[in-house]
Each structure stands twice: as C-alpha cells, then as structure tokens.
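Notes follow once the structure below has been shown.
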Amino acid sequence: MNNKDIRQIRSALDQFAIELPSWGFADTGTRFGKFFQDAAASTVEEKFHDAGLVHQLTGACPTVAVHVLWDFEPGEDPKKVARLAKKHGVKVGSINPNVFQDQAYKLGSFCSPDKAARDAAIKHSYDSIDIGKAVGSKLMTMWLADGTNYPGQDSIYRRKRDLQGALKKIHDRMAKQWRGSTLLIEYKPFEPAFYHTDIADWGMAAAFARHAGTKAKVLVDTGHHLPGANIEHIVAFLLDEGMLGGFHFNDRKYADDDLTLGSIDPYAMFRIFDQIAQYAFERDLKKLPDVAYMVDQSHNLKPKLEAMVQTVMEAQSLFAKAQIVDRKALAKAQAAGDIVAAERCLKQAYEADVTPALAKWRKANGLPVDPLEELRSSGIVKKLGKERAAARRARGEVQASSYA
Amino acid sequence: MNNKDIRQIRSALDQFAIELPSWGFADTGTRFGKFFQDAAASTVEEKFHDAGLVHQLTGACPTVAVHVLWDFEPGEDPKKVARLAKKHGVKVGSINPNVFQDQAYKLGSFCSPDKAARDAAIKHSYDSIDIGKAVGSKLMTMWLADGTNYPGQDSIYRRKRDLQGALKKIHDRMAKQWRGSTLLIEYKPFEPAFYHTDIADWGMAAAFARHAGTKAKVLVDTGHHLPGANIEHIVAFLLDEGMLGGFHFNDRKYADDDLTLGSIDPYAMFRIFDQIAQYAFERDLKKLPDVAYMVDQSHNLKPKLEAMVQTVMEAQSLFAKAQIVDRKALAKAQAAGDIVAAERCLKQAYEADVTPALAKWRKANGLPVDPLEELRSSGIVKKLGKERAAARRARGEVQASSYA
Amino acid sequence: MNNKDIRQIRSALDQFAIELPSWGFADTGTRFGKFFQDAAASTVEEKFHDAGLVHQLTGACPTVAVHVLWDFEPGEDPKKVARLAKKHGVKVGSINPNVFQDQAYKLGSFCSPDKAARDAAIKHSYDSIDIGKAVGSKLMTMWLADGTNYPGQDSIYRRKRDLQGALKKIHDRMAKQWRGSTLLIEYKPFEPAFYHTDIADWGMAAAFARHAGTKAKVLVDTGHHLPGANIEHIVAFLLDEGMLGGFHFNDRKYADDDLTLGSIDPYAMFRIFDQIAQYAFERDLKKLPDVAYMVDQSHNLKPKLEAMVQTVMEAQSLFAKAQIVDRKALAKAQAAGDIVAAERCLKQAYEADVTPALAKWRKANGLPVDPLEELRSSGIVKKLGKERAAARRARGEVQASSYA
Amino acid sequence: MNNKDIRQIRSALDQFAIELPSWGFADTGTRFGKFFQDAAASTVEEKFHDAGLVHQLTGACPTVAVHVLWDFEPGEDPKKVARLAKKHGVKVGSINPNVFQDQAYKLGSFCSPDKAARDAAIKHSYDSIDIGKAVGSKLMTMWLADGTNYPGQDSIYRRKRDLQGALKKIHDRMAKQWRGSTLLIEYKPFEPAFYHTDIADWGMAAAFARHAGTKAKVLVDTGHHLPGANIEHIVAFLLDEGMLGGFHFNDRKYADDDLTLGSIDPYAMFRIFDQIAQYAFERDLKKLPDVAYMVDQSHNLKPKLEAMVQTVMEAQSLFAKAQIVDRKALAKAQAAGDIVAAERCLKQAYEADVTPALAKWRKANGLPVDPLEELRSSGIVKKLGKERAAARRARGEVQASSYA
C-alpha cells in the first residue's frame, strides 16, 4: 500500500464515527428463549460503561443510541442520563422511541385501528422529542413494528393515511422545537408482522419521509431486505435523491438475523461503503456525505463487549478498503466498458491488507493496535461478569427465560 | 350467491378489459432453448388473428399490445398495422419499444456508458411515440433490460442520471405531441442483469416517473419482485400515491417465471384485485380506478391460444370474486380488531363459486359459457397448426433452436 | 358436486385426524414481545380443555401433542396428565422433548461441544420415551434448535456425528422399550440458528432417519423451507421413499411465520393433500397412506380457540377438495402431454364448493355445520377470558412481556 | 505469512486442478438475446485452443469438459476430438450428455410421459458412455432440465420412478463397460422448469445416486440453490456421507445467474473450500479428498478468455486461503465455545494476502505471476477476434440473436 492510500485511509477514519446501541450490551434472545451472559449490562449505567469501554478501545464510538422505554425513567430528568453517558466518556446519540412493546400496540401504533393506541404513540414520540432536545441529541430514529398478520386484517389505505399524518405531526414538532434535528424513518419487509408491514421497503420509507417534510430521511438497516436485494444500489439511489439519513449495521444470511457486521458477507458491506465513497468522488465533494452510522445487532451468543469491538473493527476495515479504490482507473474502465478491469479495481481494494494503515491510525490516536485482543487479554469481561452476577443476586434479580 | 353479488360482478366485468400481448402468440423459450408449436404465430397478422379469436371467445380483450421491433417494419406506415388489427376485430393497445435486443445495447440502453447507444434508445423511443400516435394508442410501456452483471462494472450514479434525463425527454415529447398518452415505467429486480438493475423496484420506478412528469406512472409486472414481496401492498401504496399505471399479469413460483396468471398462487392475485376494489370503496368512487390490465406471460409449453383464453378466464374469475367481498362487514371487523372475522370476509368471497355469475355475463354478451372448452372442441388450434406449418415450409422458414 | 364425490369426501374425512398442540392454546410471541389474551390457557388442564372443545366442535382432533418440559412436572406420574386429557375428551398424542430452552443448550443439544449438554439432551429424550410409553402415545417428534450463528463457530462434522449417534441411541431405545412407536425427525433451514442449522432440510432429516433405523421418519413442517421450495414435491418424494412420517401444519409468507394453515397460500396446501391422494391412487391403495397430521402454529394475534377451529376447518376443506380430483382424467391428460387439461383437473377440484359435503359429514357426526360460527356465537371465549384472568390474578400471576 | 503457510499453499495448489467447460468459450446469452464477441470460439478446435491457452497461463486446467451434442459429430470417431484436445495441450475431461435441447424433450427426457423421449435419452447416454470411454475420460456429469411448469402437469411419482430406472441402467452400464468411471448427478431448484424440477435439491440427487449404485455421486453447482441455502453445509454433509462427487463453480446473487466465481460472495466460496480442508484435517487425511472441480459459468458480457483466467485465479486464491486456517487453534476455540476466537481463525485466513504465495507457486511452475495481466497485455484476445470474425465471414456464418 502506498503512502497516498494510507493517508486517504487515515483521513477517512477520522470522519468515521459509529454509534453503538445501548441495548446491544443487554441480554437478548430469539422467540425461543434467551441465553444469558454474566457480563451483560442490566442498567443504563452499565450500558454506558460498556459503550465507553468500546469507545476507549476503538476511538470510533463517541455516541450511544438510547431506547426511550428502556433507558429513561418516566418523570426523571433526561439530563441525568446524559450526565451518566458523559461520566463514561460518551454522549447520547440517536433517540429511539418504542411504540411496539406495550400491550396497547397489539394491532399497531400509529396505524392501529384503535385511536387510543395511535394517540399514545404520538404522545410517546412527543415525549421522545423532549428527551432528545434535553440530552442534546440531533437524531430520532423511528422503527415501527406496525403491520398485519393476515390478509384482510386491516385497511392498508387507512393505516397508510394515519401513519402519514402522524409522521407529519412528529416531523413538524421536531422542526419547530428541536433545532437541527433529523427524523430517520426505518423500513423492514417483515417480522414481527408476517403478512404486511406498513413501512415495508425503502420506497415506502422515502414516500413517508417526503410527505413528512424536509427534515425526514430514510434509515437503512442492512438486515431489513428481502433475499437478493441489492442494498448498495438502494443506498446509492437514496444518496442521489438526497434521502439517505443513516444506517443500522448488522449482517444476515436469511432474514433479519442481526448477526455482527461483515460476519456473513463482508464484500457486500464493502460495496455499500464503496458507493458512499463513489458518491463523494463523482460529486467532487471535499468530505464524505453526512450519514449516521449506527450499529444495531443482537448477538445472542457472542459476548456482548467482544462482539461490539469486533464489529467496530470490521466496519473500520471495510470502510478503509472502500477509500482506496482507484476511482480514476475505475472511471476509465467503466467508460470503456472494460468490465474485467473495472471489477478488478474494486477487488484489489477489497483484498488489500489495510491492517498496517489501521494500526498507524490507532497508534496516532493512542489506541491499542488490536482492540479486540486488548479486550480479550484484559480479563475485563470475566471481571464484569463476576461483579454483575453478584450485583444481580444482591438485587434479587433472576435472569428468566423469555419463552416458558 | 345473491342477486346483488351477481349484478356487482356483471357490472365489474363490463369495466374489465385485459390487453393481450402480440408476442404472447409467438414461440418463446428459455435460455436453454425453444420448444416450437405448429400453431404459434409467425407474422403480425397471425398475432392479430389469434388475439382477435381470444377476444371473440372471451369478450374481454379489445386491444393488443405491440412490440415496435417485432410488429412494425421500418419505414412502413404504422396505420397499416392498425388496419390489420381492425380486420381481426381488435385495436392496437400499448406500444412497447425494444431497447434491449440490438447488439448496441450490450451495456445498456438509456444507461449505457456509450453515448451512441443512449442516443439510439432515445431515437427509438421517439419513433415509438410517432407509431403510438399514428395507431391511436394511448400508452407507452417502458421496460428496460439495463443493469450490470458485476460490482464495479459501471457507475450507478451516472446511469441513474442519464436514465432520468432520457425519461424526462420522452415524457415531455409525449406530453407535447401525443395527446392523452401515458408513459408506464416498469421495474424488475433482476434478469437479464444479474448484479444491479437500473430500475430494480417500484420505489425506483416511481422516482423516475416523478422526475419525468405527471404523465408517467408505474407499471407493476406481477412476476417482477423478490421472493416474499407483498405485491398487493405495493399496488395499494401506488394507488394511494396516484402512481399506479397498470399491470403486466403472469404468475411465478421462483423468479420471473412468466407462468399463466393464477396458476401458482391464485389467492395472491385475488388479493391484488381486492385492493383495487377496496380503494374504490374507501374513496367512494363510482367506478373502479383507471388501471391498464395487460397480460405478459411466456408459456413455453402450453399451446398459446389455450393458455391465453385460460388466462383471461382466470383473471375474470378472480376479479369477480374481489367484487363480492362484503366491504361493510369487513370495515366493521377491521375497526373492531376482529382478525378472524375480517379474514373470513376475504376468504368467503375468494371461495365463492362465481361460475354462474360469469356464465350469465357471458350469455348476456353472446359469448360461449366456457370459452376454453369452446376453443378446445373447435379443433381450430390443430387446423391453424397445419396451415401455419405449411406456410412456414412454403416460406422456407426453419424453427431453429435458440441455443446451439 | 355429484354423489360419488360427496361419498369420497365423507369417507376421506373419516380418516382425517388432526392433532392439536397443547402449546397452541397458550400465549406466544415474537422476539419483540408477547401480546396477551385473557382466554389463553395457562395450565395443562386448560390446554386440554381447549383442545377438547375444538375436538367437540370439529370431531377431527382426538389427540393433543404435548411438550415434555411444559406439560409434565418432573417426578410426577405421566398417567396423571393422560387422565387429564381423557377428562376433556382427548388423548395424549405425540411427545415433544424440549432440548432448546435450558441455558445448558446455549451451543446446542445433541450437537453441543459440551458433553454435559449432549448427555442432558439424551437423558431428557430417554425420559420422554418413558413418558410416551406411559401415556400410550406412539410418536415422538424431535425438533432441534441446534445450529451455529457464525462461520467457524463449531465443527459441522463433529456435530453431525454426535447427532447421528444420539438419534441412533434414542431410536434403538424406542424400538426396544416402546412398542409401535415412531421417531419423527424435523428439519428447518434457519432460526434460531442463523448461520447453519444441524438438520437444515429434508435431505438431512432423511439421512439422520436412515442412520437411526427403520422406525425413524421425516416430519415436514410446512413453514420450514427456504423461499420457493416446492413442498408438495418433497412430500411426494418422501412418500415414495417410504420416509414421510407426518406434518406440522402452518402457513407462511416470508420465513417461519407460523400463521394459520391456508391463510396465505391455500392452493399450495391443497397441492400437498393432492400428492398424498395421488400416491394412494397410483399405488392403488385402499386407504390414504398413514401420515401424522399435526398443527403447529403460533398465532400471536388471533384468539387461540378461534384460530384453532378455523385451522381445522380450513384443513378439512382443502383436504376434501384433494379427494375429488378426477384422477383418471388427470392421468389421461398427463399421458397425452395435455398440460392445460391436466392443470384444469386440479383447478376444478380446488375451486369446487365443498361446503355442502362438509356439512353433510358434520351433520352425520352430530357436529355443528359451522364450528367457527358456533364457537364465536357461544360467548365461550369471553367467558373463559374472564375466568382465566381472575384465576391468574388469584394465583398472583402477571402476564409479563418477554422482551424488556 | 510464515513459511509453513506458504508450503501448505504450494502443496495444495499442486493438487488443485480446475476443469474448464468447452462451452464456456462460446457465445451464450439470456432468454432476451445473445451479445456476441468476435473472439468467441465457434468450433471445437477453437474451444480447445482457448482452454489450452488458459491452462498455459494458469497451469491449473489440464482437462476440458465436453458437451456431447456440441463437441462431437454423430458417427465421427471421438478419438479425433481427444487428439484435437491433446494438440492444444489439454485432455478431454467430463462428458456432458445433452438431453434437454432436442424438440423431443419438450416434456422431459428420462421423465417424459413419452416413452420415445425417455428411450432417446437413454440411448444418448449410452452413446455418451462410449464416447467417454473412447476419449479416456473418467466422469459423466448428468444435468437434466426435466421438470414441469404447472401443478398437475405430470405425475411426480411416475417421473421419479422412470428417472430412477434410467439412472440405474446408465450407472450399471458405466460400471460394466467403462472402468473407473463415475456418474455425477446434478440438481437444480428451478429453471427451465418453473413449477417442479425432477432433481430439485441435493437430497434428491443423493437419493437417485444411492438407487443407481456405488459409482454415482452428487454434483454441486454453486448456483443451483434456493436463496439462503448454506452450500458449505451441504458440501460438508455430502462429504461426510461419502456422496460428494464434484462441483460446477460459478457465482450468483439472485437465481442461477452464472456469474464468474467469487464475483458476488467470495467469502461463501472460501467457506466451501474451508469445509473440504477441514474434512481432511478432522479425518487426518494425507491429501485433500478426491473431488472434481469444474467451472460452469456463462459470462455473457465479460470477454470469454479473460473471464476464465480471472475465474481460475480467484479459485486458486480462495482455495489457498482455506489451506492456512489455523485448524488446531480453531478446534480449541470450538471446543471451548469461544465463538469470537473461532470465527477469527476463519477471517484471518480469508483476509490474509496470499498473492506472494501464489506468485511463488507460479514462478516455480514457470507461469506468469499475473496470468490475467499477461493475457490482457498480450493482445491475443483482439487478435483472435479479428481472425475468428474473418473466419466466420469466410464460412458465411451470421451471429444471430436468439430472441427475434
């Protein structure tokens, strides 16, 4: 790798911040049950502690996404949570309302046939706006579980119009009361709704965002697509339309498997980063476009902290590779219809060994050269496991299976 | 079935015209070869003859979609083709430019890196507009094979912008020179492009249509979706957005299999018709929305004429069932969150025996009660087979396999 | 419908018993949470009560599948459970060991790298055999959640050989100690394992069954296939190989959605029944082949009892239709390569109105003609809801969300 | 990379022969048409020339798969073809009968309802055996296009039994008359049959192979699976069952896209090679298992020769990476349930830069270090294009589109 490539990578890494999800440090599971980890975080403070540790090791994760229902106590001053984050060296990032867990949302939230449920969802969103503003966040990400399980269950038209109205209200309140904020609208083809999902694909998310207003953008969760979908094409299309707001990163082989980034198809993830870099190149931008990179994965079996550090390192590595595609040679090969040469430009960058460049960047930033190895050899996960298990016992908590 | 239901069905059938594709009567195949039928149509006149026969038997197919490259001779007066159609009791329907077959389009048409190819595609589209206007059609349907086979092969951004520009030009020319015409933009996730397809999903088609102008709409081919896609949801969404232009009907189990309508999943087809009827109900429309229904299937093994009559009958049957959903009971059940009752409204209509109602409509229109049986017992397919085989021999034509 | 068809249907319905799952009456959910129903069964007795009620209404469900972990108390005499079933007019059917829920099975059961986990799974299976024998069941169904989430996580070879050995042991113990019993081996492509599942498809299940011995057969869960899989083909193949043991019925649109049977693609379910009837026809059997029909669905939103009655009715209806395919006409059309006529044989049976025949069979068996309507108008679900909610309160139970 | 790894790679490359398909040098297309290349091979000699050139550049392709229908003239001495191969420095490899192209096979070959078609297919297979024996090949690969397009079209049972009988006959004749030969049975989920395919998955192929006899094995085409299928799991399962015969290599994103190997998901291809190496490790074999590696791809747009060299290089690179997985460390991590460490063993090998090791092996074998660059800079493709275009003109041949 030449010096220009190394400089390119180091400069790009300086711009590459990856937000961690607070819920990514807590026990999760499948519908068949949860497997518990002693070191899993149980409290908001433990979540920030863990996120802070990942940031300390990787230098790439200054913010933490929070879940309104799980990380904030009703009535409590949200600034308390912000201070807790600060204590652990991170900031509160995107605000995630939860309009799917309460029994009231059985038939949907903004789309429910029950007006009380719809109103509750809007109310909760307004509360989330207040929290976001109070903690100094700039993003609200909206994922809905809304949908139906059976043909005929509900009117797709009525649901669409109610959802359109609600998102417009939320958007307008954000525009008015929360300066500089952006509403990110997420889509998903299925699960937990198994017949129709009200925001099923990027086209629907973009339509809802357009109806809501200029501060609404689309959030791409890399696991939320039907088999075969070309995600980097969607990303490029949204960028070109000015509608790409950000990402939820994870990997998958089948459905929304929520595996760690790059664990199944690393080349596909590289191609997403490649489109982002290509966009900057074609538009002759000085910087990469402003996109929120967030992790959202649910590694049931990998130790939480290790999985998160591994994810960040994998993201940095693939992101770095995308920066050293020889874009001029690529453009030339593309113009000439020289498919083999054009493909080779991508492959050569993908196959390049970027570890030396990453090591230089890490050293320059006072970080361990192999953050995962550092974490594993530190014994900290084991230590946390003992402490947290003891604390749970002291609180009389039982880690109970979700299924029985 | 009560009289109200029968009246409802008969009135709906009066509004239900299904356009047949001229190419649906000719030999087709897969990439592994073509299997030939003696009775397959070889000439434009034979295609119109066959379409006319289907219309005569079913009373539902007054127009025929034409393929500019296959059905018009360069330099010839298009009105000649229109007169040929008239002679066989049908009219020329939608105009289908062909920008995928010529060697010039190896790397794409409107999206090709080669300006000459892009210009040729626009030129061919302008010629198609002239033809459409001359023959009195009102629709131009645009399906592109544009896409790439390998990551990096071409710039997705450059291709998007060139395509956007071309469709805008074509739209504007149509708006100016071809009164009352509509441009239908089709999407397809893959094939023949196997890495990325420039118009890959309805969201992209709708974006291109919006950029083109108000006379551009989206064309939904029922076989052009990734596994699991909820097509009726897409249809409802497009209707609500005012962007649904029409359909290409066929059925599939795996990819773009181009099987005859309703042969694999008839309930799914019923649910599409149901959303259209539901739209009219919720908007309190006097008539069903104005949507172009077109057949586009490629039944390699079924005899062409039989397959087409079978398709029309199946479409009418499923369409009829969608008219007798008890929409008031459905609305009530939906509002109450009574999923079982709501689903039952759909299922009862789907399972209803609509053959008596169809028979009444056919009799009232002077049509055979069982058009397929009528065709099969007439011996006409056999007779045409003999005549056409003889004619081909006389012309010195060989039906050659496409593969070797 | 002629009298021969009606007789055919009635005789077939006499042979068509559908086993209900005890867990199908309890609250279930997705990984995002559970939505509770007041009338959901909480105790074994309540489950048998509900199953008994469905059997009383439909006359088709004499047995109930039980889940060893959820329906039997350790140390308790299993005959007590059998008596409970009898009290409610049903019998204990297939025995379902549970080797996925315990924390010990985090990395698998028979396939775990941990010998203690493997041994525990075998021990639990042996206990299940004792239970099966004691309660007079004849079937043990083995579904494993075993698999891995990440490439490299474990040795696929070691896991396969350990699983092979365990199933052989269990088979041999059944053959020796539990007369007339059959071991049904289930497969599933993914979930909860998201990289590889140790029994991923029918081919693997059949291989394990062959290795285990002659009393092992394959269990087909209709929701456990990759997108596009032709399930009726698999069913026919297994029947012809003498390896089809039984079914778990449910419907799906995307993954293992566990929707009620026939709710998404009723024609596909009909085609499964058609292959079974066709097998009997081609082999000239006096009776339909001996296959265990079991329901396994997890309708989170539909009221449990209604959903179960609806399922049984739908199964009977589609099963009945498959009996009246004109198999002689079909054979003739197939031999002649007359695709349209052959397909029409299937479609005519599928589209036939079998409600009169079902009504006759129900009347003759002293059953309500519309069991679902009977249940809904009886008010029993509401009554049970009140009673069970009160009982739960009295026991101090809370229906807690599984996610938070 | 340490010296042990380099030795490991070099020794493995010595064992790694990749068979090229003669048809891979000829023009191919999709059902929408063919795009022609001047340098495409038209004659058998041109195909061997091109294969010989690839072998000369890569040193890895000593044999060429032949297609009986396309590469042998009826009545001609097959040894003539063998001599032609020898002239160009290669040998005839696997024999591919063609029982899908002739009009007689419209409804299938061994499975056709028409006995004449079934007999013709067997006869052609016998002829292929004679050819195979005459040219000194040891493999016959059997891919069928047999299947049906519509439910009910034919009896799945009758077809299965006829196919079973035919494959047994062919197997037995091979066993008797063609010493040391193996029959490879290929499977494919769909295309060109779109409802059911008679050999639809590996389980069916293995069942047919078992019924045929001990010399029949399964052929895995990497593009012949439903979305999501875990191919390396299937490969491992077949290896463990002693049923893996060989591979047809290609890559895909959607269906059977026939793209060049590793172009879409290189990590997946690596994992296949990893399972093969892992098998040798766990069984403590001295050599890698005996498996036939064959290319079968249909790169419509890439220049044929370039695509083939690129494919061989990509295969060698991914194969080499699979040899340097630290299998002892992997086994230790797996036994300990240390998922992150186990996964890292795979990822470190996959991400390793093997180009120096490949370069050493190439130099030691007198090969160019970058065979693709060598080919591209040689100008040979251009030269061949001119010569072959001229030769086609001289022969009066037209490269005609397959669609019109």
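Letters are used for the chains, namely A, B, C and D, taken in the order the chains are written, and counting of residues starts over at 1 for each.
The definition used in the following text is that a residue touches a chain if its C-beta (ideal position, glycine included) is under 8 Å from a C-beta of that chain, and two chains touch if they have at least 3 such contacts.
The UniProt protein names, listed by chain, are A, B, C, D = L-rhamnose isomerase.
All figures in this text were calculated on a predicted structure; none of them were measured in a lab.
Path length between chain A (L-rhamnose isomerase) and chain C (L-rhamnose isomerase) in the chain contact graph, taken as the least number of steps between touching chains: 1. At the interface between chain C (L-rhamnose isomerase) and chain D (L-rhamnose isomerase), two copies of one sequence, more than half of the residue numbers in use are shared by both copies. Between A-B and A-D, more C-beta contact pairs join the chains of A-B.
Between the Cα centres of chain A (L-rhamnose isomerase) and chain D (L-rhamnose isomerase) there is a gap of 40 Å.
In chain A (L-rhamnose isomerase), the positions touching at least two other chains are 106-107, 149-151, 153, 189-190, 195, 227-228, 230, 253-254, 263-264, 267, 301-302, 339, 343.
Against chain D (L-rhamnose isomerase), the residues of chain C (L-rhamnose isomerase) that register as touching in their complex are 106-107, 113-114, 149-158, 160-161, 189-190, 195-197, 200-204, 206-207, 226-230, 232-233, 236-237, 240-241, 267, 271, 274-275, 278-279, 282, 330-331, 334-337, 339, 342-343, 345-347. Here chain C (L-rhamnose isomerase) touches chain B (L-rhamnose isomerase) in the complex through residues 227-228, 230, 253-254, 263-268, 301-303, 306-307, 310, 339-341, 343-344, 351-353, 372, 376, going by the rule given at the top. The touching residues of chain D (L-rhamnose isomerase), counted against chain B (L-rhamnose isomerase) in their complex, run 28-33, 35-36, 69-70, 100-101, 103, 106-107, 145, 149-151, 153, 189-192, 194-195, 227, 252-255, 257-260, 263-264, 299-302, 401-404.
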